């Protein structure tokens, strides 16, 4: 049973109106349990849309999405996955621990159990002493780690991440990538990861999914052969640079000179 | 806010008051006794002691008897009037706050409700209070639910609520819809219900918007109550004192000022109460660093 | 701006329309159904009838109250803007005046009319206009001063890298930045000015304004007529509000982002 | 009430006190709506309350103050109160608007409205108003002025400048208006309580010209007790209460006639903000409007009624409106109640005509204190 | 005559107060005309401060800064340099052309000359048809190009840029880097460039200045030997990867695990 199975999915926004957008067309993707899959592609190619479809935050126009063998809707209700966004998206009014407890609270866990799990997660992300601080008292990198802890709190088998490190400076980012790999290795989590950064995609993934826009579709699947255990030294490995080159080549074809487009109204 | 900052602010406020007092007395020195015109418009106020009593006369008036022969001093009367109005304002504030927040929730929940209601909320605020006051009094008198009999003062509180609810509902609506899309999506990824999202996300996210709205609402409640006291002749409050003392403005000009200052203190107290709540609920939020 | 009645626009107009008509219908049927006497509550149809009958008088008194509100609005805005320039230039003054302005915003300052009426001739409209001016002044002052000072650090630094003078920074950065704040202030101040003008009529003076007409008609049990004047008052308040919104739209470039409360730009 | 014919106050109180315990098991609650704040203008009711006259009649009276926007007759018609004090012309307007209210006792037999001006303005008659700034209060209190102007052949909209006064006389004193509307019992006194800056002493009656609308023949009936017409017709108990209420109130007024100073104290104690000498002046002037009452206090004089009604139909205000569009119907007032009440009082030995009434001399202090 | 000469400069904020920060200590740096120099280093190491000192937006506590052989203050008054920030910092209320004209306006140029130059600059950044639009109608990448056009409008010999591409996604960023190189080559501009990105620094510069924090100082100067003409292919060159590795190594030493620091109040 594959962790995620996307079959013949299209997503059309505002169908039938003048503002119709074909965000995704005929997308097929299978993610096996334990995989780390990155989605990469120019802005507007439908990466976030695909992730949202998997998370059942959107319904596909056609096709079907199954997660852990059940419908994505059921998977959402069962909270089979954890999700993290570009901005850490922590709640300012909750302490770090309470932020991590949020999904558990909504699952109806009792207080002690919640707290125990939150502390366990804080250990995992190496921030055990920050439980009672508030998010805005932490640096951006720490906030991002808390967000990951929150996404992992309910021990989901599947982690969905939408450009989680976009807001970090490069050095913190590299550090966070290492942490994420370590955590996923320890918890044996399957990850679907959206990114704009080629080195990031290559460094993290078994497989890089390259997408192209208008209409959004998958143009290439690139397997990355860097082994399971990656460290800082991996970044200096030749295989790493070759992976980067391969992904860049694949992207070159998809990347329209989109910087020249006038920003539309619906653009967020 | 640090203690030092608070002390500095207080000091500046006192300085500002002193400046106003100085300007007042300064004008009394140079201004025409019976008013005058500037560039053909008679905008210079009269500076005689009837129109503009000396600052010390106004202040010392507090310590003198309200009327000759009565043994209550003005400060006691003004204080008790302000206290009375404060209580009415608080009731109005709570009433208006509940209605305002309720409406905001309704409008945040249903787009249709927002479209249908919001224009009328704006229009409602253009209805002059003076037309509403007698209606509220008349309708209140009709209301008798079980053992509950509409007390007359409640009409004043209702009018306070009428002015208070508007900024509160608009501010709360803005706050409730201010939660970032990603946070809303996060909640729905947890399969959270609308009610859970309201309590755990929308309300906390709305607080920074609601606090200034409640501040406006607080002063609205005071204004409503004071107008209502004048309008409906309700006794015991600061509004009534103002109109009664205003009748004696020729004979005892300092008197009306004592009540006017009382009203000012009342408004400041209400605003202060909200500010206090603000300090408490926002204590764990990031402090805004002034640019 | 074109006001084409696209289906979407139509859809946003329908709910308030339905709501308004339902409210009026309820009101009318309550008056008829419970046989409410006109001295208690007049029926909407009757109010509209009275409005039509008295349109000239309502117009005249609207001109008086509206005139007071308008004069106060203009003078208050001009003074408020002028003062905010002074305050942004001399920070110390700003720290002196701002707490006062905030305090005045919190108190029911219309009670000052009782005092102002003694400072001026009872026959003059000055106290009322002065009152409106005062209310408007502080709203404008607080907002525009904010707009003048809360400019982006990058912008100021950029100007300094151009060796720009303080005056050039004021003219090219602070003033344009403060413009939306001014309109925000006007949107608050416009309805407030009308309300202040009415309430100011409470304390005597000429009897030609909407406020005193409403009270005197109520005193004479002509409730429908009183409410016809109230309708006039609502229209006046709404008119002021709409004008301030329209002014904002005219000066804003078509489709330009509106600065939201947090000062962020919503795209 | 008791049948004791003593005139000794203390004795009256004592015997009636006994009567209460004898006859009443329970006091009937009654609400009275005043037209304005507490002052000696309403002394009779406060005296009746204070002296236990209401209690003697088995009534528990609550007196409700008025306000700027409170219309007593509306409160009455809405059923919020049982009786209301209102000027006749204003109440008739409400009646025309559908309020079923009836005048059951005309307390003030005369109009107390004056137009006061300083001697140097040279306004000694209504004709002199022409071209002058004429103050008035609005709120329906202005019709006598319009009537007088009309009668004098002046057009209120053109020939004079009408100005709304504040709640005090500062407009006149500051010279903003030439002649101010004033009640004998209130605003006129305020002028006399103010210092003349030229002499440093209080203004004297000699400094002032006074036009009395009563004397001009355009006086309109003022304070009267109004009751619900519907309940009078259908509710015998209410009618009986009305008789008792009017009787006790009139007794209060009789008390104030004989004990002006005591009534002043009662009103002051009730919380009026006006000074004591002002209240005494007011008490005395109000007495003059009531006493002597040839037809018995509270009786409605049909001639005065008709004149008021006629003026209310003819006089146009600034908006070009008259108070009434048609003559009031015959049910608008009744002397039945007051006749019964007077009978009760007479049996009680109360002097209801006050033929021997002589006003007292009141010295006003600065500021009315 | 070197374009920029920083000699023995220190910058201490809030000197003598408890909030004293030694932002820079004993910094020496020479930038020759035509150089493209990047400053890189962890957050808070004083990159922006150094740039502001060169721009004379700050005064050094000790030491001296000369630009084109004159004092930095004189250089600012003469507008010898153009400056661009991380946020494009365009004025919403001015059209694109008027934004570019701003520095010329302040120099007192007359209208036609200004306009002509603005259009010329728009040609240079390949956005000639957008003169009359407003900045908020453009995409982030386009706004950034306008900001660069503005910085270049007065033809300064020196361009100071503080993380100008920080807000862009990686693909747009790479495109912008190419554009910037092309423009600077065409106009023979000297550039001092602040960045967080190692590939960016390597791709753009002749020389990378690596800095370390607390107190801020220059720890290493790395010469990059990729030749003058760089293209997209440069990114796949071995020399490029070696440059990246060298900079990463140099940074490794400076890079404290700052993600673990509790955010202070003064941190912006």
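Here the chain labels run A, B, C, D and E in written order, and each chain numbers its own residues starting at 1.
By definition in this document, contacts are C-beta pairs under 8 Å (C-beta built on N, C-alpha and C of every residue); 3 or more make two chains touch, one makes a residue touch a chain.
Only a predicted model underlies this, so the values are computations on that prediction, with no experimental measurement involved.
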Touching chain A and also chain C, the following chains: B, E
Least hop count linking chain A to chain B through chains in contact: 1
Farthest-lying chain, centroid of Cα atoms versus that of chain A: D
Pair of chains whose C-beta contact count is the highest in the structure: B-C
Euclidean distance of C-alpha centroids - chain A vs chain D, Å: 84
Inter-centroid spacing, chain E versus chain C (mean Cα positions, whole Å): 47
Gap in Å, rounded to a whole number, between the CA centres of chain C and chain B: 17
Rounded Å distance, chain C centre to chain D centre (Cα mean): 41
Set of chain D residues in contact with two or more other chains: 68-69, 71, 74, 78, 166-167, 170, 174
Chain E, residues touching no fewer than two other chains: 136-137
Junction residues of chain B, two or more chains touched: 46, 50, 130, 134, 138, 230-231, 243, 246, 249-250
Contacting residues of chain C [partner chain E, same complex]: 152, 154-155, 157-164, 168, 172-173, 176, 179, 253, 255-257, 265, 267
For the chain C and chain D complex, residues of the former touching the latter: 37-40, 54, 57, 114, 117-118, 121-124, 202-208, 212-213, 215-216, 218-223
Parts of chain D lying in touch with chain B, wherever the complex brings them together: 36-37, 64-71, 74-75, 78-80, 166-170, 173-174, 190, 193-194, 268, 271, 273-276, 365-369
Touch list for chain C against partner chain B, complex: 12, 15-16, 18-20, 23, 40-41, 95-97, 99-100, 102-103, 105-108, 110-112, 114-116, 118-121, 124, 126, 130, 149-153, 191, 194-195, 198-199, 202-203, 210-211, 214-215, 218, 226-227, 229-230, 233-234, 236-238, 241, 261
Residue ranges of chain B touching chain C (in the complex, touch as defined): 9, 12-13, 15-17, 19-20, 35, 41-43, 45-46, 50-52, 112, 115-120, 122-123, 125-131, 134-135, 138, 174, 209, 215, 218-219, 222-223, 226-227, 230-231, 239, 242-243, 246, 249-250, 253, 256-257, 259-260, 263-264, 266-268, 270-271, 291
